[in-house]
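In what comes next, subunit A is part of two complexes: it sits with subunit B in the first one and with subunit C in the second one.
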Partner chain A sequence: MIDVPSLDPRAILPILMVSIGSMVVLMGEVFLPRLRSASGEAPSDQRIGAILALISVAFLLLAFGLAAQSVSFDGIHFNPDNAMIVLDRFSGFGMSLVSLSALLTCILSVTYLAAMRINHGEYYALLLIATAGMMFMIASIDLMAVFLGLEIMSIPIYVLAGFDRTKLRSNESALKYFLIGSFASGILLYGMALVYGATGALDFKGIGTALAAPGMADNTLALAGLGLIIVGFGFKVSTVPFHQWTPDVYEGAPTTVTAYMSVSVKAAAFLTLMRLLQEAFGPMLGDIHLILWVLAALTIVVGNVMAIIQDNVKRLLAYSSVAHAGYILIGYVAATGTAEPELAQNAYQAVLFYLLSYLFINLGAFSVLVALARRGQDCDRIEDLAGLAKSRPGLAALMSLFMIALAGIPGTAGFFAKFFIFKAAVDANLIWLTIVAVFGSLISVFYYLRIPVAMYMREPVGEAPRPTTDFGELVVLAVCAIGVLVLGFFPNYGLDKLQMPGALDWAQEAIRVFYR
Partner chain B sequence: MIETIAFYFLSAVAIVSALGMVLNVRNTVAGAMSLVVTMIALSGVFVLLQAHLIAALQIMIYAGAIVVLFLFVVMLLNLRTDEFAPSRQPIVKFLGAALAIYVGIQFLGQIELGLPAAVETADDFGNYRMLARTLFTDYVLPFEMASLLLLAAIVGAVILAKRRVS
Partner chain C sequence: MIPLEHVIGLSAILFGIGVVGALTRRNLIVILMSIELMLNAANVAFIGFARNWAQMDGQVFVMMVITVAAAEVAVGLGIVISLFRNRDSVNVEDVSLLKW
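This part shows the complex of A and B:
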């Protein structure tokens, strides 16, 4: 006889919602085209796409609400006998982040998919499955769950990158991401195997206990394993020298997928790494401090320098996302390099705030590119944006806003994001790293401002952009712009009526999970 | 007695073919085939341990699916032999050798000579009954999530391979 374990479904409700959503969308894709209106007409492809997007948005909204609100501090385990995942405030924060970005991507995609003639319902299903994987990974407290979540996240995204099957660029993007991503997964898995060999445990707590034993903190096997795990995550968040795939994949993938990928994959991988370092590898943090330092410095320098010479906005944003991974990594360097829990807590809080700001800024920037896409053709060279201020003044203004936010100019979310990170670094005595980062930000102002300069000071070249913006695109642009401005002026603004805490409070509550 | 002989024989085959895979840098396809031999020998070791299910899975998953994936990548990249020519830069060679020696020494230091005491295994170790019980109790959540992964893979394969829709 099998003893049925007592399970607590509340712990997986957000993941469950998103998974069910993906299956409802798949069913909808089959049955919606068979519906007939009163006059016997079949619904148009675009309408089906819009309905499927709405279904996805509904499920994601549900998941967002569940993850953001009903989170107990101690955390709920699904299966207390063998806890694989935990729903606590930290998981809640991460799940809300990825479901918000998936939600905005769904709204953004409706018109774009139709314009690119890739309007298949599977797009939304894959997007939802990837989101479920991210949620599972963020909530995991076991190496096996981390790996499973990573794969559930990655495989749909490989496919989404190649969703535009008729375009060679998209094929290249998917294949490159698939091959490199598979090797990265392999390296990560090898690292996990070494850690298991050294500690005999797969759950974070067990690894932490084993490593805390005397003499274990400089165990070669465990250190090698941790190194390989960091390499694996380095590929996913594209830190230098594991970044080479980023520009090609970002350029080739459909723009909406690039937007989603650049925000969500990065957030999910960074958050998972945070819990992993904090709960499993606590005794080893001092050993990897220097490695993270070098990775962060290299990432900032290479990302910013390579972005200067790009003529394609998507490639430029790809290198910019590499540079931003470097800034985020500074938070980890600061947290691992200090003995005072309070400073480490501030550093991690800064990372969480950065990820939230980056969501609005980067999704916003890509939404402008999406809103400009003409029939069957992306509008992604800097030349294409020349003179945009005359033909589409609103979009040009928004693009400028997102660019100065990426550069980190005061009054935008980007400023506070960088400010908190740099402050944490200075507090942790990382003077040289801060100098490198500030220098990198200075370089970045140059290339980010190339885009507003082209839009406002050059004459239009070639075809005129699309004359109108669709409703969905407007909604996403508005949400992102408001997010960027609110976080830029009042970084801790909360909505009491919705019981939404301010971003800083929210991040702090999430981080406190590690410092009970 | 027969078990011991079989164990040493299978282990020797596994080690030799594993070495054959690693040392054979000229012909990658032969290397992958060598890996198949290793996997089959390992599955024989599992049979000796009475873990029949694991033995079968070893052949199905490793010798089957994973080696096919390797071969797929090898043939897709279609690298020629001369592209495997050793790197001409001495510094790369030197650094590579230094790293390999360092890691080798570190790992050798961890090896304890002599055989460890035999580990007691449960009666149902490695058979389907134990696997099923573990899958549906302790690992029920990862098991269900894995089905989501398969769903994603199937949907992805269909959407990428579907005939062009007008």
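This part shows the complex of A and C:
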């Protein structure tokens, strides 16, 4: 007789929703074109795309609701006897983050895909599978689940980056992302193997217990393994020196995909790394503090300096996302460098807040580019934006808002995001790193403001931009702008009626999982 | 009985060959093979360690990796083919539209 383990499906319910959604979309892609209206007409491609997007949004909304609800959970393991997946406050936070960004991307994509003539239903299915992978990864408490989630996330995104397959740029983007991504997975996997060899455990708790044994904290095998794991994650979140793929991939991929991956992949990888460091490598945090310090400083400097010379907005935003990875990394440096749990907790809380604000800001900035895309052609050079304030004043104003938010000017979410991170860094006595980061932000103001300057002070060149914005794009732009402003003025604004805590309270609840 | 050091030594050598191959070779297919070599080096290490710890976990992990690697290669070859259709080449140096 085989023992049936006691499984608690509530733990994977959000992930399940997204996976089921992806299958429904694939089926819809097959059967919708065969439907006939009363007059015998087949539905148009665009209508099918819209329906599939709607289905995806519905499932993602379910997943978002279920994940957001878990703020009040104290953690349910999927399989209590041999846990690999846990739904607690932290995974709930991460899952709602990635499902929210996927949801906005779905709404954003409908018109763009039709305009680029890549309106295939697989797009939504791949998006959902990637999201399911991210949720899986964030919720995992076992190296095996981390690797599996990472690959379920990465493989669909390789395909999505090359989704515009007749365009050479999209091919190149997919190819570079694939080569670098799988190279990074190889390194990560080898790191996991070394950690397994040193500790004899794959689950986070087991690794943590083994490393806590006397003499284990400077075990060479475990240290090398942790180093390789950090390199692997470094590739995923694009920290210098593992960032070279970022601009190429971001530029070549379809803009909606770039928007999605700049937000979600980063969030998923950073959150997984947080749990991994905190639960598995707790005793070794002091050893990697210096490495993270150097990575963060390099990332901020290189990201900001390289962004100055860019003429392509997508590329500029790619280097800016490298720089932002550096700012987020400061939170980890602060948390690993301090012995006081309270300071570490504040630093991690700042990271979560940063990821949330970055979602609204970056998705918003890319949405403006998406809303400007003409038939079959992206509108992504700075000169394409010249004189936009005259032809499309609303879009120009929104783009300016997102740019000053990226620069971190008060009144926007970007300000509080940076403020909390820098405060955590100063509290943890990282004065030099804070100085580097502040200088980086100063440089960044220069290149972010180039875009509003082009929009407001230069005369338009070339073709006029698309005259109208579609409903879906408007919704996404509105959500992002409201998010940026609300987090910028009231960083802890919550909805009591819906029992939604404010962003900061929520982040704090999520982090408390590690400090009990 | 093969000592653990030999198994891990083999896996380290394989991993090194994989990394060097992925970084220096110019043919896409060879790069793909090098990346597979890296994954399989990790598999060898997992099996060696699993025996050392007398556990099944490491071997189960290897099963997962093999499955994932198959999916990865399928997608990778798909990408290479769509590139080949547009460019008639499988050399990475011909793929340099996006720079700086």
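Following the convention adopted for this analysis, the second predicted complex is superposed on the first by the 512 of 516 C-alpha atoms of A that agree within 3 Å, B and C clash if a C-alpha of one lies under 4 Å from a C-alpha of the other, contacts with A are read in each partner's own complex, and residues count from 1 in each chain.
By definition in this document, contacts are C-beta pairs under 8 Å (C-beta built on N, C-alpha and C of every residue); 3 or more make two chains touch, one makes a residue touch a chain.
This one's a predicted model, so the numbers in the text were calculated from it and none came from an experiment.
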In the superposed model built on subunit A, check whether subunit B and subunit C fit or clash. clash
Does subunit B (first) or subunit C (second) touch A:383, or do both, or does neither? neither
So, A:190: does it touch subunit B (first), subunit C (second), both, or neither? second
After the superposition on A, what does A:427 contact: first (subunit B), second (subunit C), both or neither? neither
Partner chain in contact with A:132 - subunit B first, subunit C second, else both or neither: first
With the two complexes superposed on chain A, say which partner A:168 touches: subunit B (first), subunit C (second), both, or neither. second
By the touch definition at the top of the document, which applies to A:7: first (subunit B), second (subunit C), both, or neither? first
Touching A:248, do we find subunit B (first), subunit C (second), both, or neither? second
Mind working out whether A:26 is in touch with subunit B, subunit C, both or neither, as first, second, both or neither? first
Thinking of the overlay built on chain A, is A:470 touched by subunit B (first), by subunit C (second), by both, or by neither? neither
Residues on subunit A touched by both subunit B and subunit C 144, 148, 151, 155, 158-159, 162, 165-166, 174, 179
Quick check: in the complex, which residue numbers of subunit A touch subunit C? 143-144, 147-148, 151, 155, 158-159, 162, 165-169, 171-176, 178-179, 182-183, 185-187, 189-190, 192-194, 196-197, 200-202, 247-248, 251-252, 309
Complex interface listing, subunit B residues touching subunit A: 73, 103, 106-107, 109-110, 133, 136-142, 145-146, 148-149, 151-153, 155-156, 158-160, 164-165
Considering only the defined contacts, which subunit A positions touch subunit B in the complex? 2-5, 7, 12, 19, 22-23, 26, 78-79, 81-82, 84-85, 120, 122, 125-126, 129-130, 132-133, 136, 144-145, 148-149, 151-152, 155-156, 158-159, 162-163, 165-166, 174, 179, 220-221, 224
Looking at the complex, which residues from subunit C come into contact with subunit A? 8, 11, 15, 18-19, 22, 28, 31, 35, 38-39, 41-42, 45-46, 48-50, 52-53, 55, 57-58, 60-61, 64-65, 68, 71-72, 75-76, 78-80, 82-83, 86-87, 92, 95-100
